[in-house]
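Next come two complexes built around chain A: one with chain B, the other with chain C.
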Partner chain A sequence: MTRHTDDDGSAEESSEDDRGNGRGRGEPAPGVPEAGRDEQPSIFVPDDGEVPESDAVGARDSEAAAGGDDAAARAATDGGVESATGGTDSTDLDPDAYDPVDVFPGGDLDLREGADSCYKCTSCDTSCPVAEVDDEFPGPKFQGPEQWRLKRKGDHDIDESITSCSNCMRCDDACPSSVPLSQMHNEARGQFVERQMEKLSVEYIRNRLLANYRTSARLASMFPRTASFAMNFGPARWAMEKVMGIPKERDFPEFATETFREWWKARGGAKVENPDKRVAYFHGCYSNYNTPEVGKAMVRVYEHFGYEVMVPPQKCSGTPMFANGMLDDARRHAETNVENLVEAIGEGADVIASCTSCSMSLRQEYPELFDLHGIEDLAEHTFEAMEYLRIHEDLEGELDAAGGPDEERELAYHAPCHARNQGLARQAVETFRDVDGVTVEDVGDSCSGISGTYGWKEEKYEKSMEIGEEMFEHMEDAEGDVGMTECPTCAMQMEHGTGYEIEHPLQLLEDSLGA
Partner chain B sequence: MDRQVDVVVVGGGSTGCGVVRDLARRGLDTVLVEKGNLTHGTTGRMHGLLHSGGRYAVSDQKSAEECIEENMVLRDIAAHCVEETGGLFVKRPEDSEEYFQEKLEGCRACDIPAEVIDGEEARRREPYLARDVEKAIALPDGAVDPFRLCVSNAADAREHGARIETHAPVTDVLVEDGEVVGVEIEHETGPGKRVHREPGTTEEIRARHVVNATGAWAGNIGEMAGVDVEVRPSKGVMTVMNTRQVDTVINRCRPKGDADIIVPHETACILGTTDEEVDDPEDYPEEDWEVDLMIETLSELVPALEDARTLRSFWGVRPLYEPPGTGTEDPTDITRDYFLLDHGDRDDLPGMTTIVGGKLTTYRMMAESISDHVCETLGHEATCDTADAPLPGSENPARMEELMDEFGLRSPVARRSGQRLGSRADDVLDEYDPNPIVCNCESVTRAEVQDAVDEAGSDLNAVRLRTRASMGNCQGGFCTHRIASELAQEYPEPVVRDAEDELYQERWKGQRHALWGEQLSQAMLNHMLHATTMNRDGDPANLDESVDFDAFDAGAGSPDASGSGSDEAGSTGTAAADGGRATGDASADGGRATGDATADGGR
Partner chain C sequence: MAITSDVLVVGGGLAAVTAAVSAAREGADVRLVSHKASTLRQASGLIDALGYVPATEPAKPLRDGPPTAGRNLDPDEWPDPEGPLADPFEAIDRLPESHPYRIAGSDALRDGLDLFDDLAGDAYRGGHTDRNALVPTFGGAVKPTARYPAAAEAGLASDDRPALIVGFRSLTEYDARAFAGRLEAAGVPFDAAGAEVEFAEAFRADAKITRVAKALDHDEEIDGVPAREALAKAVAPHLHDVVDGSGGVDRVERVGFPAFLGDDEGEAVRAELAERLGADVFEIPMGPPSLPGLRLEDRLFDALDAEGVRFETGNPVVGVESAADGRVETVAVDRKGRTAPYGADAFVLATGGLVGKGLDSDREGVREPVFDLFVDQPDDRYEWFVDDAFGDQPYARFGVRPDERMRPVDGDGAVQYENVFAAGGVVGGADAAREKSASGVSLATGIVAGRQAATEATQ
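Coming up: the complex of A and B.
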């Protein structure tokens, strides 16, 4: 059986007017904050598999048309609430409950309360890779708790330096006191972009382009060879740097001739059916358009362990949008993602991402920033691909039994900052430690410096390379001359700085298991 | 004998500062004497509410009318001291509907603009309000910064020729031939601005008239002059939250009661208060249950308060007065009105007038009426212009964008500096480049601190009051030393040390009432940092015996260096250097440290 196999479920880009008020969608009645995480039942209740008529709009129609899928076979998964954004009009609210965020005019979050947890220890500042190389950047403590605490209702000005934060989230990890730093940065950046950034400035357009990588990538992948060539071709490059501020040193990633979803469709979807072991794969943009081999590795490895893989319709996880303050864009994409993934969860699946920034986004940033039905459920059910296998399968035993890859492999492994935040920084090294013929060397805990779109901005390029310097050096020192990391943009940076070819741990896993 | 001035005003609270400004502007030669900092008394320990009059609209309509009148005046003349927050009187289901109506009618009767809004609208304006708040009356309450207000009044007075003496308690009232002719003051650290360790002096100031504006302490001055002034001091607690849960003043709409108001103030919210008569305005118990009561009761209005971080608590005493023989039992029933006691009429002791009672909101009006009285007594003809003349700093609003561009300040920093300095912002910020931030929590830059030091000498509490430096999360843990080092150019090291200690202790005092949860962590971190990085738990410079630096400088192994009685070899240099810590300790790390010590000493 083939589930959720459409080209990519993107036909229903939201209408323009919806973009205008972004998170104001489904404006709450005056005085009643939009129902947030405190008010929604956190337990997801799948219903009996009927699709409510009203639900079969937009995406589904176009999906059905494009993918030849049977819309009626899909379960309604939003627990009976009308839409993924629903749940705002509950009348019997718990009088003692309050929603600590949620409340500045215009739908802005009030995160001043987060400053309560900060005791100014400055651990965040000392762990910030940008502050280390950029004297103008005041650092996460200022950006987060201090700036928020100084805010008053009606103050909308956010300091411009927020745009220098790369959103690597190392500060989150460093804080001993659970200050919601990255949430503060994301929200502040969103407010800054919304209110203070010239909407027609080149920087804004460039950032929006970078943030909406998926859109560009989708266009590029229609003509992959031309696109890869054109984007990296001299005059076009020159224009990009001059006009858009995209550094000439960077090569645009190559677009695959066949996207992951195209491959999946051609393959006829899942090869394993198993109602007891289902996972929904969140491939994200990069493994769809640029490195489908990662997605394929995921599918093969999971099928090796007897999982039924689902590939629901999905859009960008939002990571690049958060980093550029494009919260409205991110929210629109989140609506689709949450709706479809929650549906898959209703069918018994857990959600698996192969990109650590995508899993981070679904797990942490989504519930912190948005208020969508089922978003907490999704956060709870999302895992990184290797993490999940390590929890549920005897991965080491299986690797032992498989006896290692055909040829000796030596890899220089970099743990992405976002993997570190999820406690996954050591998993690759640990998993392959005892595998015959595989040496994985950790190149240390520095930041690669690219942080998604950060290193793609001309004015940040030098800083980005300066941050990456330590990692490059350690990679050169390591035995192997193939790099490995979970994060696609870290991979770009690693490749850019060392010329190494870069793999994803899933690919090594596929090799080692002979999957 | 010293020359005679026209008027001595005793007491640097809002009342005294208002009076000295008014008299100086009317052309009288005036001196203000205050025993501590400006605002040392009740004014520095009040709630910060710029009354709309709503609170008194039922019980005391005369006060309510005065409040709304002065509220409007202050928005005008003291714009940089006032935040126009607006206020709400909110009604919970258990609060009386009848009282709500009475309140509303009272407001209307007193010309206080009042509007009834429903619960939903109230929560739209203040989303943290409890969900069961039924409705509210919206009126023009505001927040006022008493420090800035007093400092601006005093600055204006000085510009008009007045002399301002702080840290100068009146020790006696001079009475000659049945008439008050002046006061005797003690300059704790000499006249002029306060510098620690300056020797004290005394001075007699002879004056044609003495104004006793010492609030809750008015009885003491009265006693010095031999007259009875029956002030009934009544204490109230206020609890400071770390962040603002509300941006509007929130009052509970019910007849008088404890813990019924939340005032947003600068970066914080202040919860208050209680009303309990005390015997001595200097010495009364500060009890934990009072703090608990604030948080518990007010979280009925704003549930988020229950879990929010508390920075500190402080108490103030109201200078309530009632004419002899009134005998009101409950202090909450004593009138909030002010009284002008002409001791010539009242006690046959000409030359002195006392002013007590009232509120900060009406300080200017009180000052005007007593100034009228003084002028009449002295036969001086002049009109009062304090209701129209803006205070220094308030002439025109600070221009945020320009501050950011011109002085390279980040936007929240520029905003805060602009709000605090008002129209003085340009002059102050122009002085320093680079201009680093000294206090991060409150975004106070070096220029602002130096500006305050210029006025306040080595008195860092006065600097704090002017700038808000050290009033945020860390309560001075990360900035007292930085603020103190701003003194180092001008003052010798021991003065800087005393100044630092004094500020740090003052910050600690209020935090003692918030030692749970986050603020407890903060206090522990502060302590560890100060102990381990600045050696402040055993600073040799704070020891009585002097440190034998020679022994240290000579390095280990030299004959001078031995003698701290350690058995182990090579440890002695270190022991001397850390100022006589326990020998065991010293020798434990001594072995390793000897080499270091030598190297250091030679540098």
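Coming up: the complex of A and C.
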């Protein structure tokens, strides 16, 4: 996988690469999706005439060509300058001042040190939610250090079981030796997908679609009501399961009629200007297309504390792409994100994410997997939304002074695995512990089981629900009948398993502060 | 601004939890920060106090000169350790003066065990007496221990009822027949037999023990039969395997399994198996992966929550950020590349020893990386160890040196920071592996450090 990450493409072995990705090797055009590869709307939008194929194609073409029709204008508000790599115009952050670390000498990540640090205590295996329900899955110790040794000389295929790893990253948190397990898994998965996975297989196409959620979400949110209906329309779902392996039990999330970015634009952007306290909001795809109320809560809470909020152009954080081994896709999106967020950092901002998987990706997976200019700065300047306030503001004092929300609230809180790895698993419970009229109950340390796109695969659906069972039970036992979590896909799983409505802690914070 | 609390405990193991709870019970607002998920999950789940008093002087003077690199020329000779001890408390006076038990006092050990009993509740046994229990462990050794999981109760070596030890072919690190043989060789007062049965074969050969535990928890069907019933059926034909000294065959009255009989539902799993087999059922504590350790971790972290302790895992404390007038004000927590200050009026360091990475070492020396506390050690690296692997290894006793309040002192015996306390493996002076004292040292130093930190913070 790393062959494709060199800026100049010099280390590539293009001869074997016949998957027709279409990106000219050696021709630097990253960031510009190729029509027909990056976006495959026809699968997600049923051919019932509501959303003519031609519209979708038109949107994609016009975007690629930066054309001027409606769809393109809409796409522009939705995030995305399609941009080239590297650098920033900022005067504070001079690209020349970066010393890009050559993390891929000779073409592969050197993970020997990580492999050598493993002393086989199996703490990773006992923390793995997949190994607990699936004995066909050999566990993180095998997937990480052991597989790394096996494949070093290139004469061993990557074991197919790597695709059963859900990338929850609990093994990282468990390892007392700081073996970079998830980095090893990401690398092995990327190699497996690139070298061993049949590119015309239904599984590959399905995974690519799931991984590129932003693409489908953007198209769907052009016709949000239609898409919300059509994607959950019985016969269409039956067909999706049969043809694509997307389990019909799951409900697709509803698309907002007004995306967060549309709201932001209509609002006229930031209401607070403050060059001393600036944050750049990385809303991610879900807060933009599906739950803009989370993004609005972020803006209101931060403005309450006197921050100037910036909303730079951005694409997918890459989380679903890592989990599906689509590292090229992730890198393409990372280029846009790094460029725009580093520019904001140059203007004095720290980067704030409301989704714990987005913050995880920007902080850990980006610098582990890609060597883009400024990527380390981005990692160092990225925080989760509540984490940042807890560090920089007297959040608990402010909550105390505000006196709590208007109505009593009881919530069953689930800490996402990726929050756990950032040390954030308990912050929501602690922050609201002393707030009048709010009861937040931790439903335990089990994994929700969905792990982003994992639970969206037909063959993984049952495992996913089995992993989630403990959480469902604890939610039922908890006093509250509203769930709360930071992660959008955990929220889907919580809702799916219990029927509860699910909130984000920022929304409760907004309520409690009267922001 | 800093994230603050009265007391900040650094670490996530038994000592850290003990210190955090005891500080909270003194009225302090406590926060615990652990770099990784608790290493209790690697622990056997047994709570030892003092099983042996090892010799600190060799049987004959050590040879001068460089080590022989295992060539065994003129080998060291060390007397056998004293033990297994019946009563850990009465032996404390025979430990070296620098031992944490000598510094904290035997009352600290007693208080620590009392606190543990309170936190562990009915999941643990042994609190009724000062005396050690002898628990057979994975590998066939018998370990003197002060407290043991209820799940291990029917397996005590002092019990003279015949025992069947069950194993599984797929569980390669655990050989039931070898285990039973070693128990008999160790001179236990009961007859034992090992049997390898067909059960885990329904799972893939390298299925994790958490997988088997989960299947038993949920009583999942294994080839159409509920898991608990399937396991009982697999064991039943072996209930008459034990042959006593005179060739007679007894039906066994107790059956030992590797410790994977369920995770959350362990008690129900054992009860059902016992009923189906008509014999008591016990678990044999294992090395990692260790379900007894995981269960203990869950229980203790639930206790932290119940005591109002704030805790977080995932980010390491990497150093002192600010200190003044001999007191630490804030430490730096590395949050994925950027450090954030954590302030407290008192700090407890409970990061573990050389294995737990609370001590760091290279060829130049051994150091304590968080507060850079003094670690007593010979200058010459060749004096860190002796040739005999089982001898009195100086490195085993490396660690910070505490005063009677558990405040680390420097080479001259002066307190390094007025408000920094240490507990557990990072404290030097004990040879926990030979003494079988790791848990007791954590409890005794943890309770002193926690109380003293609370006093320091709230005075």
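Convention: the second predicted complex is superposed on the first by the 400 of 515 C-alpha atoms of A that agree within 3 Å, B and C clash if a C-alpha of one lies under 4 Å from a C-alpha of the other, contacts with A are read in each partner's own complex, and residues count from 1 in each chain.
The rule we apply is simple: a contact is a pair of C-beta atoms (placed from the backbone, for glycine too) under 8 Å apart; a residue touches a chain by one contact, two chains touch by 3 or more.
Bear in mind that the values here come from a model prediction, so they are computed numbers and not experimental data.
K.L.:
Give one of first, second, both or neither to describe whether A:Cys121 is in contact with chain B, with chain C, with both, or with none.
P.N.:
Both chain B and chain C are touched by A:Cys121.
K.L.:
Between chain B (first) and chain C (second), which, if any, makes contact with A:Arg426: first, second, both or neither?
P.N.:
In the superposed model, A:Arg426 contacts chain C only, not chain B.
K.L.:
Should A:Arg390 be classified as contacting the first partner (chain B), the second (chain C), both, or neither?
P.N.:
A:Arg390 sits against chain C, while chain B stays out of touch.
K.L.:
State whether A:Asp442 touches chain B only (first), chain C only (second), both chains, or neither.
P.N.:
Only chain C is touched by A:Asp442; chain B is not.
K.L.:
Report for A:Glu365: first if it touches chain B alone, second if chain C alone, otherwise both or neither.
P.N.:
In the superposition, A:Glu365 contacts neither chain B nor chain C.
K.L.:
Just to be sure I read the superposition right, which of the two partners does A:Asp135 touch: chain B = first, chain C = second, or both, or neither?
P.N.:
In the superposition, A:Asp135 contacts chain C only.
K.L.:
Would you check which partner chain A:Arg149 touches, where first means chain B only, second means chain C only, and both and neither mean what they say?
P.N.:
Touch status of A:Arg149: first partner only.
K.L.:
Should A:Glu458 be classified as contacting the first partner (chain B), the second (chain C), both, or neither?
P.N.:
neither
K.L.:
For A:Asp159, is the partner it touches chain B (first), chain C (second), both, or none of the two (neither)?
P.N.:
Touch partner of A:Asp159: chain B, not chain C.
K.L.:
What part of chain A is shared between its chain B contacts and its chain C contacts?
P.N.:
On chain A, the overlap between the chain B and chain C contacts is residues 121, 138, 142, 177.
K.L.:
Enumerate the contact residues on chain C facing chain A in the complex.
P.N.:
1, 3, 33, 36-37, 39, 41-42, 203-204, 206-211, 214, 264, 288-291, 294, 298, 305, 310-315, 333, 335-338, 340, 356-357
K.L.:
For chain A, which residues are in contact with chain B within the complex?
P.N.:
29-33, 93-100, 102-103, 110, 112-113, 115-121, 138, 141-142, 145-147, 149-155, 157-161, 177
K.L.:
Can you name the residues of chain B that touch chain A in the complex?
P.N.:
So the residues of chain B in touch with chain A come to 118-124, 127-128, 130-132, 242-245, 247, 264, 267, 303-304, 308-309, 400, 410-413, 415-416, 440-443, 472-474, 477-478, 518, 521-522, 525.
K.L.:
Inside the complex, what are the residues of chain A that reach chain C?
P.N.:
121-123, 125-128, 131-136, 138-139, 142, 173-178, 363-364, 367, 376, 379-383, 387, 390-394, 420-427, 430, 442, 445, 470
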